[in-house]
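Both of the next two complexes hold chain A, though its partner changes from chain B to chain C.
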Partner chain A sequence: MRVSRLATYGLLILAGGLSLGPFLWMLSGSFKTQAELMQPGLGRVIPAAPTTANYARLFSQVPFLTYLVNTAFVASVTALLTTLVSALGGYALAKYRFRGQGAVTTLVLGTMLLPGVVLLAPLFRVTLALGLIDSFWGLVLPGAASGFGVLIMRQYLGAVPDALLDSGRLDGAGEGRIFWSIVLPLVRPILSALVIFTFLGAWNAYLWPMIVLRDESNYLLTVAVTNVVAAIHQQEYGVALGGTLVSIAPIIVLFLALQREFIEGLTLGAVKQ
Partner chain B sequence: MLRRLLDWADEFPPGRVPLLLLVLALASGTAVAVRQVRSAPPRFSVWTFVHLAGEEFQQRLAADPAHADVEVRNLGTAMFDRLALAVMTRTELPNLVEIEQSVIGRYLRGPVEHIPFVDLTERLEREGWFERCVPARFARYTVGGRTFGLPHDLHPMVLVYRPDVLAELGYRPEDLATWDDWCAAARRFYRPGALGTRTWRRGMPLSTIEGYTYLALLWQRGGDMFDATGEVTLDSPLAVDTLERYLAMLGGDPPAAGPALSSMIEDFAALSRGQFLGLLAADWMLAVMQKDGRTLLEGRVQIMPLPAWERGGRRTTTVGGTALCIPKDAGPPDRAWEIAKLLYFDHRSLVERFRTQSIVPLLRASWTDPVFDEPAPFFQNQRIGRVLTELADEVPPVHGSPYMAEGYKLLDAVFADVTAGRVTPRAALAGVAAELRARMARDRAAVARARAGSAP
Partner chain C sequence: MKRPWRGAPAAAPWCFLAPFLALFATFTLYPLAYSVYLALRQSVGPGVDLYVGGDNFARLLRDEVFWGALGRTAYFAAGSILGQLPLALGLALLVNQRRLWLRGLWRTTLFLPVLVGAAFIAVGFRLIFGVQDGVLNQLLGRFGVPALDWLRDPDVVLNTLVLTGVWMFTGFNMVYFLAGLQGIPGELYEAAAIDGAGPWQRFRAVTLPGIWPIAAFLITASTIGSFGLFDLPWVLTDRGGPGRASTTVMVYLYERGFLAGDIGYAAAMGWLVTLVLLIIALVQLRVTRARAD
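Presenting the complex of A and B:
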């Protein structure tokens, strides 16, 4: 028993070390001088002469705070809108009977089968035609109707007892009121999980923001780190490592703060009550 | 207080997490709304992916009030995807774009009239640019006899070596006139041992997993993946023989070369420890070496022309390059052409480019500038500019093809098998060539079908 526990912890520590290794290297590298970073081999974990010069250059030469605010806005609005649309769509498919319901469900499922990259050119044309190029709405709106979100919400909302909805109707509540005040509180864990999941996806999105955004002051962190930081500080790896670290720090903090809700949402229904 | 706040948050029907994000959205949205002022789109735009070039372009254009409306955008490597999309949808195109040589091929596919860039051939001929520059460098941007890019760079390749190590071995640079001479010296230099340990020594690093160094050596010998008409020549006897000799360098007894180490900096470190006799480097790599290898190599190395394949043969090859192209659908090309010449052939800019990036210009007139005779302290006060410009006319042509990038990929895919001895050079190159010919035949048939379909 003791041996197996030791083995388990040993494996977990090894896996943890392997996962954290690159992050530690990034953290350590962001405090190293260019000369130390350019030494052969992986280098020391603790910098020989720690410096904050990389961060000073990052914040003095690049409007990082602007990119942070842009990213927070786009990621939070995308997460909220996607979750709302998914909940509404999932609720309709789970609780209402209408002609073509099966076809609509299949169509929603079908959207998940298409690789996103295939849709880039047509999506770009539509976004352009709508005048949404170089606008945050060009990022938010195309992702608002998520096939994955609708289907996952449909699955969870299907478990909400119809009797509860009927009793709401008997009490005179409208459909909107029933959805907002009865249904949503019952599926909070999956709503939280979906909202966090979508937020992380939107925060880390790169390709579409890179295509849609033109004005540098509109850039999100991913695009800024890849293009502005890497372009201005070509081969200055300490600045690039610092930029990457600053760009992922907020979501690490957010995830650590909300991990209970996230795990709850993911494991909901895993164990039969 | 916190407890009451959490209780209040719990009353929000979707829960605390969506509420938290709602607060975040409102706060960040307010900041965005206060800040956002939409600027008018530029009247003339130049795109580049190189930061230093972008800065240099901006400075050059800012000095001339006639170009006050030109916006230079450094888009980093994202530029390539953005350009592809802009060309595909014919929207938001730049008036002028700086393209890397390995990427241009994708735009040169299909009939000449479908190529999305302006044909510069007549302008280049009329204004004498082929004579005023090294003509071989235009080959990369030329298909079907038409040139679609204006290059500025020569990128000759040299050997970087430690003179003290070479002298200790009993050689002078002039003794190493051919690759056979080099291999003899490298074999004397060799010490066995696992790579990375203290005892091993090898002549120079050669890639065992990518074909680019092999191609550079093939170009030096006069071969190429494609010929001037665009036909595949990678399975020619010259190409096969060069690959066999490349393998002989790596696998002889003792070997004259070793596998490239995990990064450029590791190669620099091995050279500084006297574990490589030399390193292959194009002009721009000398700038990287001076920056990233400063602590390892400053004041300890010099450069020399590459050994030739045959005595009296070509003493250099080339790696890399960029060109300015004018997108056809971006508007009248005359102004773009004038700005392209200004950005790429302005004497002061060319001199500055050599000073900061070690890039040797293509324009012959610029080589007389004193900057090319300045001693370089990093290279033991050697006049590296002069060494490089004296190699200018020996820089080999590298022929452009729409299938260039695919050819590189196919070669890379098989290269590790070749160097490991699992496939013979002849079979590997024949396989790559056959695949390229099949793709070309398929595309030509598609074009023929399309033309037949649209015929009256």
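Presenting the complex of A and C:
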């Protein structure tokens, strides 16, 4: 028994080290001078001459703060809009019986597993035609109608008892008011899970923002870190590492604060349909 | 079947659905139909826009770069499933043990890479894999492992991507397995133990069937996800390089459709890849279903 406990912790320490190692290495590297980074060997964990110069350059030579704000804005709007649209649609499918309901459900189900490859080219043309290229709306709107989100919301909203809605109607509340003031507060956990799921997706998205955004001042962090930072600082690794860390730090902080919601949000896919 | 409350106006559900339907029609249904139109047209060259029927598809079938990219994408998908799932299950079993010290901390630590976007990871990992003597080679060298040119050796780069994928997603799969493990009733293990089943037999008779639906879901999800692989080969191995050594279907589609401007060809490619993916998914479904019965 003692051997197996030893093995358990040994394996966990190994896996944990592999998991955290790259983060720590990037953190340490971002405080090193270029000369120290270029030295062969594993390098020190604590920099020989710690410097914040990389971070200073990051914010002075590149409008990195703008990219941070852009990303936070786009990810927040995407998350809130997608969740609202999903909740509204899911509510209609869960709590009403109407003609055409089956057709809508089939449509949503049928397109849910559509791979991104098939939509990329035509979606670009549509976005271009609508004048949304180089606009944040070109990032927010295409993903806002999420079949996945609607199905998840339909499932959770289906569990809200009809009697609650009916008593609201007896009290003279309109349908919109019932949805907003009675139903939504009851499903707050799933709402936050969906918000986090979409927020994270939008924060980390790379290909679509790279296609849609043209003007450098509109860039999101993913595009900025890979293009601008890399181009300016080909030979200044510390700056690239700093940019990466500043980009992922907000997500890590959010995660540590809202762990349960994150795990719930990221395992939404496992919910039985 | 319950009856709707008489007081609910008939238009109410459509009002709730309106935002979704409007966006869905604009950004999913219309593009889907439009991509059929695009796939049948020649779009490359200045001002060229002609109906060419199945010409794009005929060119695709002869396009060696496309088939190479498809093969590499399938390799990445298979490598990811084989690399991530057993590891994730092992870690889930470790973390799921009763009386585990610092359980929450282990889970959090192993889950952390999941949060970081592939584009960010690629920038950091470019330096870890290194050009000549990166940190990873230095570290492996201490254990006597010979240095590999992770980012520039055509025979290695695909494995570099698989390895990076394992680092990124094992924690994600682990959380799914954990949910599956916690759904297995404890009585099943007790009953098996009473019947004299050893640990390995208990694993095969109780654990494996219990988590099989989750595994099947993860296999399908990994496959679909792998076919969208773009960020890692684009950033980490520099635009699908060296040469074509890490060009996946998504990289090639982007190259042809967006950099070369042949959007009709890209649309055709999208449909062909979807068809291949559909076939793979159906085969997987058959195999996993058969396994479950």
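The rule is short, and it goes like this: the second predicted complex is superposed on the first by the 242 of 273 C-alpha atoms of A that agree within 3 Å, B and C clash if a C-alpha of one lies under 4 Å from a C-alpha of the other, contacts with A are read in each partner's own complex, and residues count from 1 in each chain.
In the analysis below, contacts are C-beta pairs under 8 Å (C-beta built on N, C-alpha and C of every residue); 3 or more make two chains touch, one makes a residue touch a chain.
Because the structure is a prediction, the values reported are computed rather than measured.
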Simultaneous placement of chain C and chain B on chain A, clash or fit: clash
Touched partner set for A:67, first chain B, second chain C, both or neither: neither
Partner chain(s) touched by A:96 [first = chain B, second = chain C, both, neither]: second
Touching partner for A:199 - first (chain B), second (chain C), both, neither: first
Which of chain B and chain C A:211 touches, first, second, both or neither: both
Chain B versus chain C as contact partner of A:185, first or second or both or neither: first
Touching partner for A:225 - first (chain B), second (chain C), both, neither: second
Touching partner for A:55 - first (chain B), second (chain C), both, neither: neither
Residue contacts on chain A - larger count, chain B or chain C: C
Partner chain(s) touched by A:121 [first = chain B, second = chain C, both, neither]: both
Contacts on chain A seen with chain B and repeated with chain C across the two complexes: 40-41, 120-121, 124-125, 207, 211, 223, 226, 230
Interface residues, chain A side, partner chain B - complex: 34-35, 38-41, 66, 69-70, 72-73, 76-77, 79-80, 83, 120-121, 124-125, 128, 133, 136, 180-181, 184-185, 188, 191-192, 195-196, 199, 207, 210-211, 214-215, 217, 223, 226-228, 230-232, 234-235, 258, 261
Residue ranges of chain C in contact with chain A within the complex: 1-5, 7-10, 12-17, 19-24, 26-32, 34-35, 38, 90-91, 94-95, 97, 100-101, 106, 108-125, 127-128, 133, 135, 138-139, 142, 167, 171-172, 175-176, 179, 214, 217, 221, 224, 227-228, 230-231, 234-235, 249-250, 253-254, 257-258, 263, 266-267, 269-271, 273-274, 277, 281
Chain B residues touching chain A - in the complex, by the definition given at the top: 13-18, 20-22, 24-25, 27-29, 31-32, 35, 38-39, 49-52, 54, 74-78, 81-82, 85, 88-89, 91-92, 263, 265-266, 268-269, 288, 291-295
For the chain A and chain C complex, residues of the former touching the latter: 8-9, 11-12, 15-16, 18-20, 22-23, 25-26, 29, 40-43, 84-86, 88-89, 91-93, 96-98, 101, 104, 107-108, 111, 113-126, 130, 141-145, 147, 150, 162, 165-166, 169, 175-176, 179, 200, 203-207, 211, 221-223, 225-226, 229-230, 237, 240-241, 243-244, 247-248, 251-252, 255-256, 259, 262-263, 266-267, 269-270
